[in-house]
Amino acid sequence: MTVDAEIHSGLINLQTQYGDNNMRRILGILLIPAIAGCGWMIFFWAPSEVSMGIVQKIMYIHVPSVMVAYFSFFIAFISSVGYLWKRKEGFDIVACCTVEIGVIFCGIAIATGSIWARPTWNTYWSWDPRLTTALILFLIFVGYLLLRRFTTYGEQQARLSAVIAIVGCLDIPLIHMSVVWWRTLHQPSTILSTQKNVIDRPLAIMLWISVFTMALLFAYLLSMRIELEQKTRAYLKQIANIY
Amino acid sequence: MVSDIWTILAKDIKLDFRSIENYFSMLFFSIIILLIFAFALPADTHDHKTLAPGIFWVTFLLSGMLSLNKSFQMEKENGSMEALLVSPTSRGAIFLGKMAGNTVFIMIIQAMLIPLFSLLFINTAISHFGELLLLSFISTIGFTAIGTLLSGLTTDLRFKDILLPILLFPLLVPLLLASVKITQGILWSQGFQSELDWVKLLIGFDLIFLIISYLTFDFVMEI
Amino acid sequence: MPATSLEKNYQADLTNSILRIEAVSKSFGYRQILNDVHLALQEREMTLLLGKNGSGKTTLMKIIAGLVRPSGGTIFFRGGDITEHPESLRSAIGVISHQTGFYGELTAGENLVFFGRLGKKDNMDEKVRQALEKTGLSQFVDLPVKTFSSGMGKRLNIARLMVLEPAILLLDEPYTGLDYDSTRFFNEYLESFKATGGSILMITHQIETCFDLCDTIAILEDKELKRSFVSTAFSMEALIREYHNLTR
């Protein structure tokens, strides 16, 4: 068989092997009404907050993003430990996909946090402890992604990035503690951090609905990304072994 | 295992003293950084007071990087890292030996840096030499714990010189914050007593990362 | 090439083998380097590992030395699985590889003492003195290794092996850069090493230099150890001819 024919038949094999990802399909179908419904509810159902008005509604994007990002990095941590322990490639795939998505949601959290801060305190960046911790976390895992770029696919890449993910995640509580102590002596508690403690019921319900929708979005993106990674690796493996 | 750690540490110290230019270059690098800060920042003594502890610790971080780079570079030159890995020494012992070597090197530089810092920035600093040195030691342990792990990790990669600070510095934020705060306490308050919370954080940081780095170094040194 | 009846049957010799590799495979990224390799090293024997460049000989040696983790398969040392006791194998191995692995700024004596201490050898000073004497490096004991010529560096490598007293030697191109005298000395050392019960795995392209010492030849081809046979099965010229065919 010529090389082209081999690659072509290899691709067809991949398609039949992985088929259509049912999980992803279901999630995708659920997602559309979920996002539409949630969006409608944010603007037409949830009451406006007294002091901030419509600006407050960005919380329904910001807080879920933060939660999803942290959750994502937590899964990356478990996956990385799993890889170093069992050395199964599946763990490495989950780890790199969750870190990628976690970094995106972390970026969204930081951006929405800054946008929220501007009309509230007249500044984009106020060194709020939670946002600062999110920023440092963002940098740590961007470092993870850079490390993966500087290594080629293989056992070394998986192993070294797993070590970074583990060390990074274990540092989070220390970073959070130190940043909180660092700022609270100089500034009174920010509205952002007390917001969740003193929140009225309808707003709280709206928040949980947003969290649920964001989690659905996260699951959808993750399943898509994992499928993409699996197919890419299988494809490249086939090509490499042809020569 | 303790004898292995001591053997590796003794070897590193011996090598450093034979290439004494390592010490001089790191010392001069630190001096230059201090001077750059002195030039770049306003000469007003009040501002110096607030900024000085930060300057001290930024210099520590930047010059500490040199030590980390040098430590594994020494092993790569003639392939002696491979010879070390083939010997019956455990990876953990290699880690602790290398970490101890880095700590000694950095501490010697710090001991020379504190008087310099006192001269250029805060004149009263020299009277707190002991406390500042002790603080340097505690911070150095945390720095070399993560630093040795990460420099071992990046040592065979492309652009390791850029990758090491990118990976290392975000992880060191708690160490940096604690060190600066405690330095402020030492210089203008009752020393360690006044910043006890931060001291506990720093020591906790050291212990946690000493253990984690020791355990994960195995995985870093596989190939 | 030799008939199948002359090929060694590894299964039959397992009881005596000091080191046994079973079904070892290794992939780097998308490329597979080794696939289902079986090899056994016997005491008092030297195995010559042949294969063209890039066939994975050095990788196989690194796997045995514990530097590279195999993607699959097991290694048995004296009957025990080494993943449970990696240090038992490492304390019995001596390696010569492409780089000398010494610290340039330390003297020859200091280097040997360093590696001897890590190898948990006692009576260090005496052993080092004897090793340097046997390799003709006594007068260089206090000179830093960076001043050594490459031939002296190689001889220091041999001295290190004498100090460590391993049970298995892993040699990767040990003859490069050795002059005639040093080569003869090295072969004498290998012969005495075999006589005292040691086992040797050798990678070299200079078949003529070590042919007389070889007991087993193993050929790594297409990621597998396709053939292995006793060296007495054929002449040196035939083996060299076969090797040229292989590396064309």
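Per-chain residue numbering starts at 1, and chain names A, B and C are given in the order in which the chains are listed.
Keep in mind that, in the parts below, a contact is a pair of C-beta atoms (placed from the backbone, for glycine too) under 8 Å apart; a residue touches a chain by one contact, two chains touch by 3 or more.
Being a predicted model, the structure only gives us computed values, none of them experimental.
When every chain is reduced to the mean of its CA atoms, the largest separation from chain B belongs to C. Chain-level centrality, scored on Cα centres against the all-protein Cα centre, points to B.
Of the two chain pairs considered here, A-C and A-B, the higher C-beta contact count falls to A-B.
Chain geometry summary: the mean Cα position of chain B and that of chain C are 40 Å apart. Annotation: 49 Å between the Cα-based centres of chain A and chain C. For the pair chain A and chain B, the distance between C-alpha centroids works out to 33 Å.
For chain C, residues touching at least two other chains, in rising order: 69. Shown for chain B are the residues in touch with two or more other chains, namely 222-223. Contacts with at least two other chains are made by residues 155 of chain A.
If you check the complex, the residues on chain C that touch chain B are 65-69, 87, 90-91, 93, 95, 97-106, 110, 114-115, 117-120, 144-145. Those residues of chain A that touch chain B in the complex are listed here as 84, 136, 139-140, 143, 146-147, 150-151, 155-156, 159-160, 162-164, 166-168, 170-171, 174-175, 177-179, 181-182. Residues 27-32, 69, 71 of chain C are the ones touching chain A in the complex.
Considering their complex, residues 146, 149, 153, 157-159, 163, 166-167, 170-171, 173-174, 177-178, 181, 197-198, 201, 204-205, 208-209, 212-213, 216, 219-220, 222-223 of chain B touch chain A.
Only residues 3-4, 7-8, 11, 14-15, 18-19, 74, 77-80, 82-90, 222-223 of chain B touch chain C when the two sit together in their complex.
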